[in-house]
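Chain IDs A, B, C, D and E follow the sequence of writing; residue 1 opens each chain.
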């Protein structure tokens, strides 16, 4: 548990306070208090629980939700505070084939922000550093401080989302080459799952931000609303991209099927051309391999050479026929295209 | 019929009361009365019907709905009570390939909860045990007692839903191997049906909980609303997962088709390579099997060996050609991938 | 035209009244009057039109709608009456491959119900019998009487809807066997059309019932609303099933395509295995059928038998290879699965 | 420009009036004035523009919209008049493979209707004839007159829409026969485009009629609303059918793919059966065509006949095998089904 | 930075004013001031930022949004001004395979319009020329001036959108010919991306225009609303077309798959016919190539010729059989259809 307090008129935040001092700090409405719980051990969870329930007197269902993982982003209004769950990306573990998020729970009151998380958040760390170097974010009140945290958290989605772009382009290229068989299928499925998760999370998160930024809650004063709207707009963009990725991943399956079908078609053509040329020639050879006593051609001195010549003519005629139908001697249709402009906006 | 009564100020619930005492118990508004009907025989159904219509004076359409099965989850408000239908899973019979639910009907009044079911419910049993060991749930009134029952009932969905996750992963693996032919198809269809049922039931149930948790009904006081909201959030998660499973099952069909197409492509390649190599060689053999009298090669002492050598060269050239086109000697593309991380959130 | 009148306090309905008496009957607000027009001939249509326009003074657009067929279910409020169109199934002609409905037009006033139909309705007949044997339904007023008619009409959808279930299961089984070729396709298309019609009709009808059951119209008093809600719930269930059937029919197409693809794959395997085994053997035979003078093997006494033995070895090796790749000697993958549990809820 | 005026109490409409008289005619609020502009030449467009801007004083953006083509149906309210755009079908040019509409612009005021069109409209012509033969439509005021025009215009959609039904049935039949190759594909694409256009136009037009028929505009008095509702219902039916056609056209693609796949399967079976029977026989012949010196069978007097007999036995055994697998001698699966009942409602 | 001022009553706009004069110009509410920032260098961005923040006192989040690219179209209301982002097409770079837009940010106040862009806009240039040649657009106030700019900007979408039409038709033709293999697939994917972008951008932009044109903002007086509605309608049309293009691009994939499948079917037929005719003939030849001593036919003088004749008969019978099944001698089914009428409305 880390407590940061900004006292009105001060030019820096106080640090390193203890839980005992909290009631007094909160009682002075001109303070801005940020309590951050990194509950990464059972003892810390217990400690946090105690403070949340007994000092802040938060509804114990919300405290239970804090501790539980696997919650969706949501926001709930209580008479004197807001409770919210948002999700941040886990950059270390996340890739386009395995999009993972972690939960950040929090409370926003008139003069306090509480954040609770079971794992470290880069965005929390960044805002703490900012606040310590300059109390600017605190001077505007608790809602602005919360905005800073959410802004940082949402900003970290963007690089992840751009990874999707790259992954889709790479898979598109590989689908067009059909080099990697089932690996490709597996990756397509993983990408599809990741995109679905991103869509689900960002849709719910967008809803939380929408409600925060439209003046529904008295804890967020109207002069701070544009800042939340700004975060909302960023998330909107991510959400739109997620919708777009869904379509593009669907398109990758189409390409995949199309390439398999085209390749099979090509194999069939090869087989058909080989068979259609060799089989008739074999028949000719077979006919002159018959053992009838009376086969006049066999005795002509040039019969053999004429037959070979005839075979040559048949071959040329058939090759010409298949060439005209476009079955042979075309430039390879399945080649790697030049990298498409992936600058999706 | 089982009647449990909590009298205000008491520290345990009274048990084993009879229908005759009900009017008095209900008249005292400080009591919290839970009447549970397990109507698993025609006689019990008659008995329950009688109590519901004559003691509680519930609308007889709702009593008819109680007895009837195959109703959808719903909630109806009457001046002095709420009537609701919710569905619980049938864990014994339910699997991911056959998702089955059972109906729980109920009434919520100012100081009573009535539950009616044709089959045993594990959640009912659990709450009864809780209440008997400590009347805590009753002290907060009838709405809180109902919340306890619904909470237990919804919690039992979760393991079922996780079974879907496993089933989808297992089917994905099998689809990638294409070992089980039509059995797979059959299971995919069953899974699709189950997911559709889960989606339908949870969507309707979500609607019931949404209405319960948004202050629409005077029977649920506002301090109890957060508890219902909690159940609603759990159900929301289940509903989201159901939506997700739908997409994933759709993806399994894509994989299935893709694997069939890839396998056919592979078979075609084998056929084409075999034909394209053996047929020309057979033609050569056929030519030297012709019976022309004048075939100079036949008389050369090394003709046979040169021909065999020529056949070898043709074979090597063709093999090289097909190898370069990637038709042969590639590592098998259709192999079992490593188990994907199925930790879907 | 058939007129049934229930006079307040009476214990049976009066029957066989004539159009001339209608104005008096309607003027007495304590009566409940049901006028049923079975307009199955041009004369009866004219007679009905005359009564509707001149006795009841209904808006002539509604009278035109009565006579016209091919209307969608709808409800329209006029100051002193409601006009509605609902659709009943035509059980004689309807099957899962050709879902047909017939129109029932009607009016509901303070003390009257008017029903108009060009074809006989089983539900109308049933309610008439009920009312004649006991005036109970009339005692509660005209809205309750209408509820009785609609309830009967909606109940007759259920057996039809269950036919869909059977048809889907039967087609699924046949799709898995791929025995019936284009007949199957044709039936799938017909089923899809029927399901689309059922969805369309039930969606519109649901809308009519929704409006009837939510207190929008003064003609339906609030104590009768639960009865309409009950009909609404039945229809809701039908509508949900129709949505479900749509997905299942889509799934049948997937199965159909999958089975064709699997069968083609199997045929290809047979062809590939036969070719890959016989062609090399034929080549060997072809080689020893060449007419070179100097072919040492031909003169060895056991050459023939060694060659046959070699051919046997090649066959065994290739069979083993294809067996290991899973192309042969597997149990037939395309078999009839056991009947799935079709108890869809 | 054609001006028709109905003066109150008169029993016929006045005709052949000039633009100069318009201000007086419009000033008398008891008149009903219909001004119809057929602006099929640049001069007439100029003339119309002049009257619309200077006599009627309509907003010049609406006048610009009149002259421009390619507008969507819409309705806009101005203080003293309504401006609307609706689309009629072009029966001469329209077919199910090329659904084309033409624009009708108009204004509705307290005592006038203005219609403006660049092409002739059959519906306009019909209403003019009606009005000239009997002023009935005018007696009810300008809104009723407009209703007459829209009613006629919407009625002309119906035959077109029924053409779609026929086209879909015909294409379904042809898809099942797969006789027409790419022509079919082309027609399917055209039909899909036409259906998309019909859906788009009718959805927007429905919106216009919905707003007209729900009492939003003071120009349409409430006693006229049922008539607009009637037109709305007709359009609703067309819109519903369009939705339905979309699904059916999608189904045609499914049939098309299924038939191609089935045909390919059949071709493959033929090939596999021929190869699997002939290749082994050829191998036998090849073996006895080898030139080994020591091949005892060759010298037995009945060797040849026994070999032929053996070939016969092999053939019969293989035919029996393929017959049992259902690959041969089945009645042709791809046949023309009997015409389906296309009576879609 | 370019400042254009229209002073009331003047007959031309003043030009070439400097930032210092702005406060005075803005203070006089009868002026209409247009400040256009082309911020194509870091210095100009700084200059613009300074004016926006210090002279106009705009919220600095909006100024940040101005400078940032990759924003979606949006509109935000502040007490004394509106902030909006719209997107224009980049005609130079945009093609149907790579639809690109550029951002135009702006502010609308009671008597001013501010436009900010990092790149040149043709629409801005056009309106400047108009305003300089005649101050008409300014006389109606700042909202009308903004309408002019948006109208020009939206008009430039139309040619782009028509390019899509052409691209879809061209790809449809090529898909039907299947000449270009993967290039086609690549172009289909690019087109799909472009259409998706167009849909996304136009949907958001439509939302901006909808809000502008429905009287939500006091900055846009009600007499100017019809002009914004006009722009909205244009955009609506573009948005509708984009929806339509999405369906059509989906249809192109269907055609593509269908053509591949048909071609494969054709190749298979060729292969099957060749095999089914040549293999039996080869068998006959093989039989008479056997070396049995006792083969009576070999010694008959006409055996050879009878055999050849028999082969001819077999050939003719098989050709007739395949011709009757429609496998050969049909006019080529895959031909280029006549160009479809692409006049999509």
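Here is the rule we go by: a contact is a pair of C-beta atoms (placed from the backbone, for glycine too) under 8 Å apart; a residue touches a chain by one contact, two chains touch by 3 or more.
Because the structure is predicted, anything quoted here is derived from the model rather than measured.
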(message) What are the mutual neighbours of subunit A and subunit C in this structure?
(response) B
(request) Could you tell me the distance, in whole angstrom, between the mean C-alpha positions of subunit C and subunit E? (result) 41
(request) Indicate the whole-number Å distance between the mean C-alpha point of subunit A and the mean C-alpha point of subunit B. (result) 25
(message) Quick check: what residues of subunit C touch more than one other chain, meaning two or more?
(response) 257, 261, 264, 268, 271, 275, 279, 282, 286, 289-291, 295
(request) Using the contact definition from the top, classify how the chains connect: line, ring, star, complete or other. (result) ring
(message) Let me make sure I follow the ring: beginning at subunit A and going to subunit E first, which chains come in turn?
(response) A, E, D, C, B
(message) Give the list of subunit D residues in touch with subunit E in this complex.
(response) 59, 61-62, 65, 70-72, 74, 76, 78, 98, 100-101, 179-183, 185-186, 189-190, 192-193, 196-197, 200, 253, 256-257, 260-261, 263-264, 267-268, 270-271, 274-275, 278-279, 281-282, 285-286, 288-291, 295, 297-299, 301-304, 307-308, 311
(message) Which residues of subunit A touch subunit E once you look at their complex with the stated criterion?
(response) 172, 176, 226-227, 229-230, 233, 236-237, 240, 244, 247-248, 251, 254-255, 257-259, 261-262, 264-265, 268-269, 271-272, 275-276, 279-280, 282-283, 286-287, 289-295, 326-327, 333-335, 337, 340-341, 344-345
